[in-house]
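Next come two complexes built around subunit A: one with subunit B, the other with subunit C.
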Partner chain A sequence: MEGGLAHRRALDYADRDPRGPIPQEAEITTGRRVEPGRAYGFFTDTTLCIGCKACEVACKEWNQLPADHLGLTGHSYDNTGHLGAHTWRHVTFNEKIGKDGRRATTMPPYQSHWLMMSDVCKHCDPAPCLEACPTGALFRTEFESVVVQQDICNGCGYCVPACPFGVVELSVEDGKAHKCTLCYDRLKGGLEPACAKSCPTDSIRFGPVEELLEGAKARVARLHAQGQPAAYLYGAPGTPRATGGIGRLNAFFLLIERPEAYNLPPAPSRPAPRALPSILSGLAAVAGLAAAALLIGVGRR
Partner chain B sequence: MNEATRPEGWSGETYHGRPVTKASSFDWKVSAYIALLGMAGSAQVIAAVARRAGGRRARGLVRRARLVALAGSVVGPLVLIQHLKTPSRWYNMLRIVRPTSPMSLGSWLLTAFGGLSALTALGALFGHRSRLARRVADAAQLPAAAAGAGMSVYTASLLSATSTPLWAAAPGPLAAQFGAASMAGAASALALAQRRAGEVGSARRLERLAALAAAGELAASLLAERRWREAGVGHAAQRGRAAPLLQGAKAGGMALPLLAHAVSGRRSGLLPELASLALILGGAALRHGVLQAGNESACRPEDAFRHADPRRRR
Partner chain C sequence: MPQWDLANSDCVLVMGSNMAENHPIAFRFVLQAKARGATIIHADPRFTRTSAMADIYAPIRAGTDVAFLGGIIRHVLEHDLWFREWAIPYTNIATILGEDYRDAEDGDGLFSGWQEESRKYSPESWQYEGVTMPSALAESYVDTEGFCEATKRLHEGPPPRDPTLQHPRCVYQVMKRHFARYTPEMVERVTGCPREVFLKVCEALARNSGRERTTAICYAVGWNHHSTGVQIIRSGAILQALLGNVGRPGGGMLALRGHTSIQGSTDIPTLYDMLPGYLPQPHAFKPHSTLESYLDAETSPTGWWRNFPKYAVSLLRAWYGEAAAPENGWGFDWVPRIVGDHSQLPLTVAMRNRIIRGLFVMGQNPVVGSSNSLLVQRGLADLDWMVVRDFAETDTASFWRDGHLVRSGGMRPEDIRTEVFLMPAALSGEKAGSFTNTHRLLQWHDKVVPPPGDSRSEHWFVYHLGRRLKDLYAASEREEDRAIRALTWEYPVDDEGEPDAEAILQEINGYTWPDRTLLPDFEALKEDGSTACGCWIYSGVFPKPGENRSRARRPDGPEGPGTHLGWGFAWPSNRRTLNNRASADPEGRPWSERKRLVWWDEAKQEWASPDQIDFPKDKRPDYEPDWSRKPAGMDAISGRQPFIMIPDGVAGLFVPSGLKDGPLPAHYEPVESPVANPLYGQSISPAAKRWEHADNPVHGTGDPRWPHVLTTFRLTEHHSGGTPTRLVPTTAELQPEGFAEIPTELARALGIRSTDWVVISTPRGAIETRALVTDRLRPWRLDGRMVHQIALPWHFGWVGYATGDVANVLTAVVGDPNTGMHENKALTCALRPGRLRRAGGAGVAREAR
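Up next is the complex of A and B:
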């Protein structure tokens, strides 16, 4: 074949209707097939992020999410503000122009003074939103992602305060909870999620979590060797103290600053285990008062 | 691996002062539900105790307690459904059982409580005519009381099982607070009813119970405040929008009526009735204040970061 730009697999389908997808297109764009029964996720490497927001745009386009937050926030280049019902990718911008009240005069390598990170639903395992959902609208898919079934959600809103990362939100338009689906529909069709596919620097990488993790660890080691000793993984399975109580985040991050610089909680915790000690103390209080009522002789004249 | 470079606790930095977590959509309808069903639940506990301690002499009180429970379990769910953003799908609450979700278990508990309360209400409504109704009601009384105890407190567990800093920081005290407030509310409502019915002696006993519950409510409130202070998440409750409501509930809805009940002794008349009313309203104000303050704390990144500080985790 002439040229050499097209992938070998793409050439296999040259005679297909170009408007339809190539089967297992993810194999071309990520080198990995998308198969049910495996855990897929994102590895977001912030040292590669250039803050172009292509991921935000691709996400809105593919998922047909309406525009919101029109206007300027004054928070660096972050005019998106936060993740929400209609915003499933959010690029954070944090300008570190100085330290301790003094202007910075030296520049560490990689995202020197400008921290950028594309935030997203972490597809936690276990997922606090899913554990809270009373209707079963939130469920874990065959790709280990966490998705809201729109035809079941009744808008009780309990998943919203349950999420330790402030991701899921109720839409005022339709009264249902919405969040990133890890492009469930695309995965079913063998396509890489829209944000990862659109990322020009491969800061967002999509793939099987185990494989992403290996690559991420190698990346951390390489950055350490190249003079960025602060690089570490946030939310990766088995990372000490990364996710306090939540086993792992299927969407995890490589950071070079403290988590709060990217608006990430340093040690998020699983909310569900707080219910049992709570209910027991409450029942003890009621039982005590019932016993007191018996002693007082409530019911006698 | 990366442990050496992993940042320890929270540094005090926020991301442009933006919230980390999102606030719940729980509004006055939810606080009204919590207060109503708490009272209904505790009324069943009182009905069971009265049935045991008073036997046939307690007939009037038991009947009124069962009616309070019935009223609560009819009105409460209707109010709660209105809080859903898609109320037409309320029945999806009973689509699955999710053991990790206090809201799921609570929905089933509410259903059971409603059913049992309907059974005990049979006794209240038809007991004087039908022996069968009396039998059924008496058989359902103990399970109804058990479900009622759950109804009195599960809403606090529901709040604590979230990432909202204020609710998550004090799971135990919050539930004790809600439970005591439920008992105080139920005892006060029934005391009012007993006074209206002319059963002053019985009303006095209920008022004593309400006073005890108010003392418990007050103690649990102080404990919750201490937990909030220790966790550094108490700002919304102490200085936020809900602070006046919470302070008012403590003073006017717990301490003052407690005092009033203590000094009114055997006297009848306006003072004990006012105190009962204040206890009912105080319990409702407490629930609404906790709800509001929690929603505010969820929007404060300082609270969220302190709550998620690794130094706080063992």
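Up next is the complex of A and C:
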């Protein structure tokens, strides 16, 4: 809240040690309770992102993920490179201050000339990775998030190319698929996911998707009114560039440049509808061959 | 001002700070202000993550801040944009100066009072007409004969003023003249900032100041780390005082501190020249031979500092307990005297000169963090012993094995005789204690887990070190050993020998003597030995047994008021906004409803506020001192003078004493600069501290061998000397290697691409690092030629996962005359593609010459 004003329930714990986890702590930190049966997700507002990478660190600390890339990339301040098996939040950096040998000094309202965005699994609905999974290792939780169960995953890797965002990756450690769980364990405990909780500027907001969407639309309208006409939502239902075949992204974004500037696909799509005709034709071909074989067999008799 | 109060600002100027990167949590409140429509301005040599969030980005060449701010001051004065009703009563703008004063304008950059032989200023000619002013800090002694006696006459009458501002020697007229040449054209010429951008900044600040609106300035070490650091900060303060942005909601100067308790380490100082609570350290060459002469020389006759003797005597009682008595000046003789500047820069030189033979390094990594690292490394090699307390082996602890000089062949481990003791230290969650943050807020932290192995807290280490020293001296009869024998050193310890941190805080809070009843506040302190207090400004933090107010955690709820008086304890007396009397007009009414904080309640005959009042609670706004009775202390401060720590009760736009480099800020180039000063013949600060040493060569202005400007900076991903973050994989991978930011134009000219190796050198040494070519740095056109600027993060060293050459190999031991603070934000260097030859004893040393 503004100026550090606290949620009413925070005052319950002002004078006493809670002696253990606070029930529904998410209500104090986000104003929303975490309850099964509702869809939860992230609204990542890039105009508030300062590129501090607290989300990356908080994610790795909570989920006990190893550092897996030690080397200077030379790409602005991005040394993590991309989302992967051990990197479930990744901040992209895009420097745009120089133009035709000159440098900008006038700034449109909010983040400009150095685009920063904290990328994450979109928890798509429907989710291509889940659709591609032959073992049932990927499943949709009671919070409408998409989670991999490593004890079931056989490492076939079908989910990897199925994801239009390059989120899922097989770990070199155990050969299995890993990705963001929307902090499934924390949600079960009534806690806000680690990345959102650590975000100092509230660029990452956690909550029920429907409520996040309302707030996001209001934010876009406010930015338009403040002189930032380029602001739009990416990945939210009913918004421009809504994704072909994927109904909605439970983690969606507010952007001020075209998606490619943030390393996001301009038109992500689900492989399943494309695959269906080929699967059917494949099945037809198999059926045809089988029928032919049968006929030949019958003929020999 | 509290960081969260930034949410109430209508405009925030971030300058000398990369706030989004280095204070990301406080920056939250800047973005909240922005959401409410505030204008955010970032003035900086580099386009950073802070600039990306700003409405206006003003690029300025490193080291030209006074020129930029001086230009804004001129703009505000010339166009009459200052807050007249606020500034005339609340600052010294109407005060009349004596006839002897000559401005830098008349001396081509030198103020009157310059003494060429001693290379120092004497402040006699900077005084008010007929009135000699002591410094605002309790450190007023000036060694000119008669000066101190003259300040004692302050209670004979107020300094002369001309509220019409017509008098040619009133501060307003003097300032107008002083800043007249800081025109937008001159600002552009000196700083490189396009004049239209500069004017936008001026307009935004003026538009967002006054009765209804307030502007905040946030600064950090980007202002401090210059040979003119104090005067840069002064420029910001002058501007805020002219615009009426002091003591009001959303207004102020926020000094963003670098570590969790850097504020605490000046309050209860690790500084050589102060005792706890900003009391001066006794000095061998000042009249400090007895307590009586010390108190006489350092006590201001008027204002709050009149209470200084109470704080000094109570401190001595806390330190020497039973041994302190009126006959021995409460043990004043046992307090060590200083003989000069013993700050970190001369301390480094003293190690090199084998004056200092042993060193404790606690919570610091000087090989990485201190200026002229090769001098530091040579100095460490000249020691007999060094104790490093840290949670891992730091670069400082391993200088003898892996240091730059060892790798370059300039030094061999077997020749280094320094005995290094590495003591494992507990981390903050492994010990109890308090942090004092940027806004003077004390916040307690509990011990959560025991430290691993033999790791111990600082409390444990210092307590047992002191205890053992006391044992060693217990039987001594020698007079010089009395200082240790007399020291009070009784703290309850637990089974592990860990002293009780709350007992220490209680001693700091203070208690009555001898029955040890905790004191409610510093107003209870006495100078007769009946109270003991470890640090007067912290008094009230532990007013009753069991009531550790720094441990309080009750924030304000949704209904406000937003001062959060129940969260932690802000010194003094839990006041959240200092000088908040200034948020009401001279009659005691809020300047506006929108900016309401403090007001005079006529019915109750007292001041009212959701904050604690930084003013005598029942002093009427119409109170005037009766000068015929020679009023002392607070009796000499009228009901309309909010600045109670200053002897005349008003903010000092012009500072008659207390500064060593002039009463008004003037632009001087950095000691190492590519260009001469366009404003004055005096190119660099005449008073800048210099230490001549063969290991510390410094070159002159415009030396073609070192053509590029060099500035150093921090990254959000690493912490200062790097020990906590370079050793942790999850932070190390985010910025895994040292690098230098190089502007595209310079890189193209030299054929350098990102991740290529480059060599950067200064007269002190050379380093190799990777290039990060970026448009975020821009070339400056200065007097018809292009000047490039290179920027180096200084966190790196050889220890840990994220490594790189030490940037401070390049910096010089050169400092601000007031603070001794180094000038690592602006110097010059050379750049070439390639690597250093390190094998076979070539490398650093050869590259440096």
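In this text, the second predicted complex is superposed on the first by the 250 of 301 C-alpha atoms of A that agree within 3 Å, B and C clash if a C-alpha of one lies under 4 Å from a C-alpha of the other, contacts with A are read in each partner's own complex, and residues count from 1 in each chain.
Simple rule for what comes next: a residue touches a chain if its C-beta (ideal position, glycine included) is under 8 Å from a C-beta of that chain, and two chains touch if they have at least 3 such contacts.
Just so you know, these numbers come straight off a predicted model, no measurement behind them.
Within the superposed three-chain model, A:Leu72 lies in touch with subunit C and out of touch with subunit B [touch as defined at top]. Shared-chain residue A:Lys60: touches subunit C; no touch with subunit B.
Using the contact criterion defined above for the overlaid structures, shared-chain residue A:Ala218 touches neither subunit B nor subunit C, since it reaches no partner.
When the shared chain is aligned, subunit C comes close enough to touch A:Pro109, but subunit B does not. Looking at the superposed arrangement, the partner reaching more residues of subunit A, out of subunit B and subunit C, is B.
In the superposed pair of complexes, A:Phe165 makes contact with subunit B only, with no contact to subunit C. Legend: residue contacts after superposition of the two complexes on their common chain; A:Ala10 is shown touching subunit C, with no touch to subunit B. In the overlay built on the shared chain, the residue A:Gly51 is in contact with subunit C alone; subunit B does not reach it. Of the residues of subunit A, those at positions 73, 75-76 touch subunit B in one of the two structures and subunit C in the other.
Against subunit A, the residues of subunit C that register as touching in their complex are 4-5, 7-8, 20-21, 24-25, 27-29, 31-32, 34, 36-37, 47, 49-59, 194, 197, 553-558, 560, 562, 564, 566, 715-717, 729-737, 739, 744-745, 753-755, 770-776, 778, 801-802. Within the complex, the subunit A residues that touch subunit B are 73, 75-76, 78, 81-82, 92, 94, 126, 128, 131-137, 152-158, 160-170, 174-176, 217, 220, 229-233, 239-242, 244-245, 257-269, 271-272, 274-279, 281-290, 292-294, 296-301. For subunit B in complex with subunit A, the residues that touch the partner chain are 1-3, 5-7, 9-11, 13-16, 18-26, 42, 45-46, 48-55, 57-58, 61-62, 83-87, 89-90, 92-93, 95-96, 98, 100-104, 106-107, 145, 149-150, 152-154, 156-158, 160-164, 167-168, 171-176, 178-180, 182-183, 187, 199, 201-202, 205-206, 208-209, 212-213, 216, 220, 294, 298, 301, 304-305, 307-310, 312-313. Put simply, subunit A touches subunit C in their complex at residues 1-8, 10-11, 13-15, 48, 50-54, 56-57, 60-61, 66-77, 79-80, 95, 97-98, 101, 103-107, 109-114, 116, 200-202, 226.
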